[in-house]
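A single structure is presented below for examination.
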Amino acid sequence: MASATKRPSRLFRNLSAKIASVPMVLTALVIFVGGTAWTVFYSFTNSKLLPRLTFVGLDQYERLWATPRWLVSIENLAIYGVLSLIFSLVIGFVLAALLDQKIRFEDTLRTIFLYPFALSFVVTGVVWQWLLNPDFGVQAVVRSLGWTSFTFDPLYNSSIVIYGVLIAALWQGTGFVMCLMLAGLRGIDEDIWKAARVDGIPAWKTYLFIVLPMMRPVLITTLVIIAAGIVKVYDLVVAQTSGGPGIASEVPAKYVYDYMFFAQNLGQGFAASTMMLLSVAIVIVPWVYLEFGRRR
Amino acid sequence: MDATANTSVSIQELSLNFGTVSVLQSLNLDIAEGEFIVLLGPSGCGKSTLLNCIAGLLDISDGRIFIKGKNVTWEEPKDRGIGMVFQSYALYPQMSVEKNLSFGLKVAGTPKEEIGKRIARAAEILQIEPLLQRKPAALSGGQRQRVAIGRALVRDVDVFLFDEPLSNLDAKLRSELRVEIKRLHQRLANTMIYVTHDQIEAMTLADRIAVMRGGVIQQLDAPQAIYNRPVNRFVAGFIGSPGMNFVDGRLEDGDGGWRFTSGDLTVPLSTYAFDRQPVAGPAVLGIRPEHIGLNSGSGWPFSAKANVDVVEPMGSDTLVWGRLGAQSLSVRVPSERAPRTGEQVEIGFDPLRASLFGEDGNRL
Amino acid sequence: MAVSATLPAAEGPRGPKPRHAFSRRNIFLYGTLFVVAAYYLLPLYVMVVTSLKGMPEIRLGNIFSPPLEITFEPWAKAWASACTGLNCDGLSRGFWNSVRITVPSVILSIAIASVNGYALANWRFKGSELFFTILIVGAFIPYQVMLYPIVIILREIGLYGSLTGLVLVHSIFGMPILTLLFRNYFASLPEELFKAARVDGAGFWSIYLRIMLPMSVPIFVVAMILQITGIWNDFLFGVVYTRPDTYPMTVQLNNIVNSVQGVKEYNVNMAATLLTGLVPLIVYFVSGKLFVRGIAAGAVKG
Amino acid sequence: TDLEVTHWWTSGGEAAAVAELAKAFDATGNKWVDGAIAGSGGTARPIMISRITGGDPMGATQFNHGRQAEELIQAGLMRDLTDVATKEKWTEVVRPKSLLDSCTVGGKIYCVPVNIHSWQWLWLSNEAFAKAGVPVPKNWDEYVAAAPALEKAGIVPLAVGGQAWQAAGAFDVLMMAVGGTDAFLKVNKDKDATFAAGPEIAKVFKAADAARKMAKNTNVQDWNQATNMVITGKAGGQIMGDWAQGEFQVAGKVAGKDYTCLPGLGMNATIATAGDAFYFPLLKDADKAKAQEVLAETLLDPKTQVAFNLKKGSLPVRGDVDLTAANDCMKKGLDILAKGSVIQWTDQLLSQDTQKQKEDLFSEFFAKQDLTVEEAQKRFAAIIAKAD
Amino acid sequence: MDATANTSVSIQELSLNFGTVSVLQSLNLDIAEGEFIVLLGPSGCGKSTLLNCIAGLLDISDGRIFIKGKNVTWEEPKDRGIGMVFQSYALYPQMSVEKNLSFGLKVAGTPKEEIGKRIARAAEILQIEPLLQRKPAALSGGQRQRVAIGRALVRDVDVFLFDEPLSNLDAKLRSELRVEIKRLHQRLANTMIYVTHDQIEAMTLADRIAVMRGGVIQQLDAPQAIYNRPVNRFVAGFIGSPGMNFVDGRLEDGDGGWRFTSGDLTVPLSTYAFDRQPVAGPAVLGIRPEHIGLNSGSGWPFSAKANVDVVEPMGSDTLVWGRLGAQSLSVRVPSERAPRTGEQVEIGFDPLRASLFGEDGNRL
């Protein structure tokens, strides 16, 4: 039998899709894999200002884990990360849900919530410094109103400074989370709402127990965006506290940056960033495979 | 004093507009306690819209709605004592079947054991006990539908609203669930309002059928009445599959009483029961394919010879298209007695089974 | 026989449910929103107020007090005469550079990422998931770490210092998050639409352009917000991968704000920051209309 | 020829000073293309290094002279200026000589120092001391003694901003002032870790401990905000470099009357000669290379030096220039310079890596009162042990 | 030489797996030029999946697909010369109805006026002229469905694939469109593959029906053959509404030839046409409700007395449930001859019309 055409080469199926994915593949391979490999590679050297090939084994890592500042950074990142993740999601979702009530001024309110996102932290950090400054910020105002024992000085108190950073971070980032959530909310089937209304489920419960779980893809997107932002947090801390008081609000990305460019110790910076990436990869890779690996 | 006291659902002068599009225009509908009402009508006539209005899911433009004698026009859906099953099921996708059923009750603060009891009962009625722990995604269409019904069931409501609950199922499952719904109604004796496209469903389930068209109820009556005595040509044509045969002609008052003529055809109407005093003039005669006899030889008040045009087998029956002068008529016969194309046959019917419509389309 | 017409005229509610402007729900809703809005506005208020004060007044130190004497000089200075080294023409100098950088970067990065997301969601091929995973992990890499490798790559392909190179860099670093964003969004659209379009004879590109794109307005808005903000405010790449004549506005902003030595002109700093944020602000406001409800409504059974 | 010059002098006075350089260079028929990036080394350095390694270098670039550019030189990316230096006899005119040493790698000169900054100053608010009812101290010990009185008057005795470099700088100054020049050099130049762990440095840590107690309530980040506390009398004093003077001037304060400056904290009147220098990347374009030479010459031209340093508020690198316009504190500095009591500062002695680790340690030390002196010294010694 | 040359669609050894789930297993199906094939089967049996494979929307796991003699196994959907109507409509939500219809043509580069003509024709056929400028969201369910059909209609293709195109329409429109599709088929003489749940549709439209179950075609035959001579119990039970009556019993070889016994009941099988040599043993007798006579008096080979249990009116006919010993049987009678509940009636049938199934479920 003229067994007709052979199965065409797999390579040419979905050719357009593959061509269109070339930038992605290149980026993934050259930049992310290549760049990461390069970074990891040089983390075993004692590169200073310029990358150079003098291998020192695990010295950089030993030093890293013996550095109090790195340990503090990790701890801070953990606290800041968990809280920021939770609060961003909660506040972002609540705001989105509130804006979803067919309210007036939706555009204006959305823009207000979003505007901090547009402002460079180089300066807004200063404003937050002021606001949280005990001598002329919120504390001073409240005290001048008569409540003289009121204390609110997160930026100058080592044990709570990270919360001061968090306040500003939420101010800046929740608007965008809200936008993402809003986009997700607008995609929910109307009938679900109707069913919930007939069932007599209050709106907030509908949001929480029905709509929220249905927004899983958006939530995941949001989660990754927030998490990536958390791991990379840098500007904010520099602008607000420069890592202070002392080293109380240091974060890993700042450690990386400081050691690469201030201390001119690329090797140390690379070692620190390799550790960061390693921990991210440990969490992300299995999760991505679970989440996206299976066919839909 | 209150006309609505002994009705379960009473809709008065209901109007609804979407922007400038008016979908329902001062619609009135009274439904008795425990009645099973089916809404039937062409696509886009406003059936879902009406149901949504009763449920309180759409803000009406005008009119009033009473449920159990209480004016619920401005009530929230949950306070109306209704349960609703949606065309698209609208199950909560992330919750197990049990959660889907219990969620509304939990929110309402029903005690736990009571919830358990009600779920058990609903699950038993709907035969979904083994499915309680599954998520909707792991259910077949029919099972989902039953869960959706169950969700309304557990809420112990006075009125059930169904929006084409069976339309996405296969015929076998559909007939099974139809029987279940019927049984449910008999057991619970709730009021039910049921939207469907399916005539078999409408005919078998309904106490009364409301045939709608363009947002207006054309006829509200028992299934057999609608089937046998449609009030207008629209209803006549809409109900019945294959559809009624219509013959355009004139109504004349002859020597032997009233008769209907069309071309050479003359149908004596002595056995026809007029709704109102007939007036000579243009009219349309309607007769259902199953009310026409074929070669039966028995003495029909009207009979004539016809040529078989097309023969359409439909399983148990066969549809025979016969040409009678200029008119084409369809006749339904048991398949084993079906003639062949081109054969000449004798057809006849009793005008008692026919319907006559005046120039305005209304029944004479 | 009781016909509804015989009913007494005034009997309970009729017609549409009246909406009370001051229902408890509304008070709660707007109350919450306005309180939260106040929190978001407070730092902005401080910035605006500060930007309208003269330096002596700022030294007095009350950051909340409205300016005794409103002066727009800081704004004028920030825009037109603040110095960047020897060039004293404020932010205006880099404005058009920023536009020239942002527009192509945003367009290219969104274009590439949305196509990637679309390919990943609808046209999977062997290995596509792997690349996607790499991208997601890539989203967590601190940019600074990649600075030097990219310098080397750009040098090797001869794009170092050019606008093209910078646009490329922005597209690369925007790719992980944006691809995720689009992939997840496209994956949530009904698959039948995609199939229908294929049967209709539309290919990879026409499905993307004519079916997927118009249905993805909200997510494009989100992506745009993300990218415009990110690229417009980017300093590091803008300065590392270009030359002084193409420096973006943020370099001027940084120069105005970040002088280590000398007097800090807070009013000018604030004005400069607010000015720099103006373009994203306008984009946010204008794009708001595009957050339409139920974009895929009506596509499937109902 | 157009020559792009990158630097991080962007504030008012600095920009004015740069303008002098540009004017002088433009006068030679070339053109100064300004590439200012604010934000000190951390911001500017990646840019400069990227540009140089990316194959698109600028014509000249500012660095703190010291060891920052060492590797670029070793990598052969920077231009050897020895010919120009010989021609212009830099070895004779540049003073102190150590400045040029810092520019010398392997016997070749790679940079042009343009100014001298000194860190070793204590700025005191006369108003604050008047308010506290104590005389303005003459040295560190008196100052520490006066601290309780200041505190009682609601004045922060010592202002130390929150940024890490301020704490580390203050400590270095204390080490030189309290510990003395020899101790300072033994630690920072000889990197004698045993000594750093020893009793003499313990004394310095005692002083630092006193300093951190005095600075406890500073509550500001930026150095100039701290300076502003001194200016307004909210703080008694600040350990800060000569650049703080600019703030006093802008606020209309007069040295000696409104404020007092004590070089070397009044203990050891020695100043360091850290400063800025220009480096010249290797360019292929011959015209530009020529222009680089011209610029190098221009930078050290006596007239340019005077004009530049007057605007900048720093000291010129040439001994043979006339600075009659200098103010009180600047004159003090010039005197010390003339006497030759100069010292190499940590920028030159220690790598940036070590500096950064010190910054981390001291910013923690100043912020965290429960970090003991002993513990801090131990960690300090460990850093010195590994220093390079 | 090539078996596929004179077929329109030929499917050879088609297999399809979703991951580890095998949905279709080496399925073979040859469809002649211009034939109208209906796929029938319970929900989840793989009908949509098969259609998707033919359309090229799913990557098959094994096998080959030929359309018009050309191996299209690896072709793009658009190059296969097919048009498809989806179960879920899949309208482009952002386009007006008109744009929805014209999209495929525009992509193919059809001239403008031609597009206009085709749309006008489709809109007229489907009665959607007034809706052309609306967006899908503003249409009712049925209206959306019509647009979806229109989208396939405007494309001039060799093979039409329909996935339950009429399932959400009302009976009247459904029967109208059914006729329309039939006429379309006659007019265009395209090959059509049509998935449905509706038996009337299947019976009236199909040249041949393929009954599927679990990804396997059980029977592929003309409608009457499937109806009258189902190859196995599954097909027998699936086809026909109300469903066939099944009686469990034994096949025995008695004095008067073969007979079927169940309890006291004995049905002589002298008139039954066996498919294969019968063997005594357990068997199931199936008989359709419409093949059972009621009080007909005429001499059926088998008849017995029964008590009427339930009476279900269905419009023209009525379903009567009678109890015959331990067995419950449904009988379909014209409504006017329906007995009352509780009445005793005589029922009978000709075993020729019955179907016998062996223990393995296959026809005997």
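Note that the chains are named A, B, C, D and E in the order they appear, and that numbering of residues resets to 1 at the start of each chain.
Here is the rule we go by: a contact is a pair of C-beta atoms (placed from the backbone, for glycine too) under 8 Å apart; a residue touches a chain by one contact, two chains touch by 3 or more.
Computed from a predicted structure; not experimentally measured.
Looking at the partners of chain A and chain D together, the chains they share are C.
Highest C-beta contact pair count among chain pairs: A-C. Mean C-alpha positions place chain B and chain D at a centre distance of 92 Å. Centroids built from CA atoms put chain E at 54 Å from chain C. Mean C-alpha positions place chain A and chain E at a centre distance of 55 Å. Within chain B, the positions touching two or more other chains are listed as 87-88, 168. Residue positions of chain C touching 2 or more other chains: 144, 148, 203, 254, 257-258, 294-297, 301-302.
Among the residues of chain D, those in touch with two or more other chains are 46, 49, 53. Against chain C, in their complex, chain D makes its touches with residues 4, 6-15, 18-19, 22, 32-40, 43, 46-47, 49-51, 53-56, 222, 224-225, 228, 232, 243, 246-247, 250.
The residues of chain B lying in touch with chain E in their complex are 18, 40-44, 48, 87, 140-142, 164, 167-175, 197-200, 203-204, 223-224, 227, 237-243, 288, 290-291, 312-317, 319, 332, 334-335.
Contacts from chain C toward chain E in the complex involve residues 190, 192-193, 195-203, 206, 210-211, 214-215, 294-302.
Looking at the complex, you find that chain A touches chain D at residues 48-50, 52, 67-69, 129, 133-135, 153, 156, 158, 241-248, 257-265, 268. Residue ranges of chain D in contact with chain A, taken from their complex: 41-42, 45-46, 49, 53, 68-72, 75, 162-164, 219-221, 351-353, 355-357, 360, 363-368, 379.
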